[in-house]
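Below are two complexes that have chain A in common, paired first with chain B and then with chain C.
So, the complex of A and B:
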């Protein structure tokens, strides 16, 4: 049987997702050997970015207009396309700037704006339809495994769609939010990390982004009762999910 | 009556009552360690957790409540491997037999004991769950009547505490008598196992026991009138309390379900290895607050958060038709561990008001 053709595309991000993919092969070698890696810039030189692909993985936020054009072409050339990592899925770190006008953000960073062509940052699914989300920063191995194995077996991937609290409770952790009064983002954050931070007695900071229909405003009210300032609350909800409906509602409520 | 209770009840035994010094009791408990895994409440920081004991000295019997009930940690496991199968020329199934380590759980409060009896109805009822069954049979339950009432306890309103009324389905019942325990034998195997001679219990001790119970009953802060809730909930399916609680406070985080000692739903997951040769099938606790819980081909029965919240609360308070008893044992965990403190007794009161 011919190996499925895989393309890995990177937009505005740290390339950590692609490194995670490379690292993944260290203990599951089939994740690389079962695929024909047609294009993955961090993995190998050259390659063919035009497709066609059986599976395309797209990391990074869309922050320039040429990325939109390229992304649309990739979509048309791919049987299945997954957004991978918080940047591609929720806007991630690059979308922090979406809380201010684009030009103001540019001026804060660059002296000479003549070569800057940035647009307001958006997740990949703002521009194209995706077949699934491999969440996390870096992506969780469970969902990465699920996506790759599903392509190989030809089944619909079952990604985790519940809060970090569920994973946390399955591990038997004491709740850091209720018991220790830590401002934990677990209740509104999508699972996939195995409740890594709460297992280490740390509050979750939502690096996996909001779960679907997460009730951001209700948790923000709880944080407010716990004594968090408006600024702290905004920071918590903009760090990884500034481009999501779930967290935007909080940002808009607590903005001056 | 569940299958197991029936089996336990069949063997005749003397329902003896003894007063035994705590020291003697704990020495006896330690002597069980050769044959049994001992499990009990242990203080961990500001919390109490049911865990494996190396010695009875680790026990913290004065605890108020724990985040997880012992029944849903050590009898019905949160996560459990069921089978593996390998795919070569043929499919070969490698079943994982239920683990049958003998264990003693000590210090189980009345609410949690009743919760185990509730789980029995599900897993040992019409269909016997082999994993639950074998572990239940190999577990000796030593219950402990409460000495304190927590802020969120409402067991007295649902007949599940603070003193245990059930007569079967567990092995021993302890009541705190300062430096002694009043020990009641509730099963044949407990009678055989507990070979300690104690002081005989007379009328004065029993009177003291019921006085202790009375004084506890008067210290409950939370109460709920469950009479007629069945009908009332059905009539108020679209009551505004569901919508505004869901909007203002419910996070859909499922903490309520995960800490609930009677929530029994599980999901079965297949995990395929990347070489596509082996599949691991396991189950883990599922939660009706998750958006995909009621998702089926073509739609979702509970797309709205309010519908999911209503599902949990009404499963606890109104669906007595399912197993003949209320789904709640009044432990108050779902209130304590809800990040926004949603209180099902308050919701019921809102509906009763209208």
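So, the complex of A and C:
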């Protein structure tokens, strides 16, 4: 039987998603041999970046214009295209750059900017239609498994679509926000990590990005009552969500 | 004849090698690291000190722990916080387990396929199979099984202290937010004990690969300490006898922009190229290795200062043994106690040098009195290796100039992989 053809593409990021995929703990043999790996640069020499693909996985923020052109071609050649990881889905850490004048950030790194051609960092779905989101930084194993298994079985993937709070409750954690006054981003952050930070006695910092339609401003008001400064609140909501609709509402409210 | 490897495969990140041969002579060779910049040093300015480790861990998906420990130590120095010996030991466990995990993936998944003439370790057409079956041409079932056993045991070490092996969360400025129970620690020690044989088999496997016969001239640099095989703290030492304090780093090393590459190149002022990483560490502080690692190196007849950069792979295998044995000893000595202290912010600046899996990593920060970052500077192992790698490539091409095009380009790729570069780190 023909195996689904898979392509993995990396843009501006740490390559942690491809690393997570190519060494998928406990599933490494199945995940690699169940697919025809057509293109995955970190895993395979050679390969064909032009497709066609049954499944394309795209990691990284889009920060240069050639990436947009390539991305559109991949979209045309792919039956299903998933954004994987916070960079590709929400802009992630690289999007922190858009909280300041871009030239200011660039000048701090390079004296000669003539060879640097960066554009404003955006998520993958700012440019193309995406069939699903494998959230997390690093991507959650459960959702990665769900995406791969769905392609193999021909079903629609059911990704986790609730907040970290639900995972805390399921684990029986004491709420670090209510009980310990920690500025926890759990209420507005998509689940998938297994409520990791609250389970490790610290506040969630939103590495899985905003949950769809999360009410950021409500949590920001709570933080304000807890004594956080405006700058602190903006920092909380820009670490992993500077480029998202959900968190931009907060940023715009608290900006001078 | 122009040869281009546009996108070097099986390395971390995006880089290319291009060269031009005219009349049997190498005219020009460029290592172009075209990984797009993300401007970490730019957008870190204005962030709060306690966010920094979480942000910089995203520089690299393979060595997040190194960026975390380096930034934590630099920030703690800036605010005048001195971590306890217990905290330092835990950080060492984190770093060692990550070095082992990184070397494992590099050796088995990125390097090994070259020596078996494969594009990837295993695939649909070439599934893991025992060597005696005709079906698979790789026949690497034993190796793949061994990799899985090793990787799982060391990942568990990073995960019980950090929360997860990739981008851990419990390691913060001031210590660790949670400490595992004795039971959990007992389990990971058992796990490590069970892979000792596999680690030694890895050394044997790597020693049997046929490395290209090649020598380069470069200065090996690593950090050293009189107490241990330094990973998180020490002074800089080089194979030509230079010793430099961590705080004097900037007066000895200089970053320069390269017009054809997004990564900067770091050189030692007024000197030639330097090499950092596993081979350099072994060359400089072999005597500080765990006795078992020394034994393993002697078992395969490894000699230090051999000048063949391809042997970096053997050095990595030796470090896998060192990391596992030392982790076991540190875990055995672990005691439950207070591992988290509140850090009081103040104005200041601090720098730190550590050994990431790929070599020396430098972070420097300036904080204002509110604990906000005013300046950030990060120099990665691959920036340190840039010049040496480029010089080695030139020498390798010159020595093999008569080889056919595809063999020559594969040879160049193999050399790049031997250096184990991390292009995402180098650009950041």
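Keep this in mind: the second predicted complex is superposed on the first by the 252 of 256 C-alpha atoms of A that agree within 3 Å, B and C clash if a C-alpha of one lies under 4 Å from a C-alpha of the other, contacts with A are read in each partner's own complex, and residues count from 1 in each chain.
Keep in mind that, in the parts below, a residue touches a chain if its C-beta (ideal position, glycine included) is under 8 Å from a C-beta of that chain, and two chains touch if they have at least 3 such contacts.
Treat the numbers as computed from the prediction; the structure is a model and nothing was measured.
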Just from the overlay, do chain B and chain C fit on chain A, or is there a clash?
fit
Residue contacts with chain A in the superposition, chain B compared against chain C:
C
First (chain B), second (chain C), both or neither touched by A:235
second
When the two structures are overlaid on chain A, which partner does A:188 contact: first (chain B), second (chain C), both, or neither?
first
Name the contact category of A:28: first (chain B only), second (chain C only), both, or neither.
both
Go through the superposed model and pick first if A:245 touches only chain B, second if only chain C, both, or neither.
neither
In whole Å, what is the nearest CA distance you get between chain B and chain C after the fit?
14
Where on chain A do the contacts with chain B and the contacts with chain C coincide?
28, 34
Okay, in this complex, where on chain B does chain A touch?
44-47, 49, 67-68, 73, 78-79, 247-255, 258-259, 269, 271-276, 284-285, 287, 290-292, 305, 336-340
Considering the complex alone, what residue numbers of chain A touch chain C?
3, 10-20, 22-23, 25-26, 28-29, 32-37, 41-47, 61, 63-64, 67, 92-94, 96-97, 99-100, 104-112, 115-116, 118, 121, 137-138, 193, 196-197, 199-202, 205, 207, 232, 235, 239
In the complex with chain A, residue positions of chain C that touch it
7, 9-14, 35-43, 45-48, 51, 54-55, 58-62, 64, 105, 109-110, 113, 119-120, 122-124, 127-128, 144, 148, 151-152, 155, 163-164, 166-167, 169-170, 172, 177-178, 257, 259-260, 262, 413, 424
As the complex stands, chain A meets chain B at residues 28, 30-31, 34, 145, 148-149, 152-153, 158, 161-163, 165-166, 169-170, 172, 174-175, 177-180, 186-188, 211-215, 218-219, 221-222
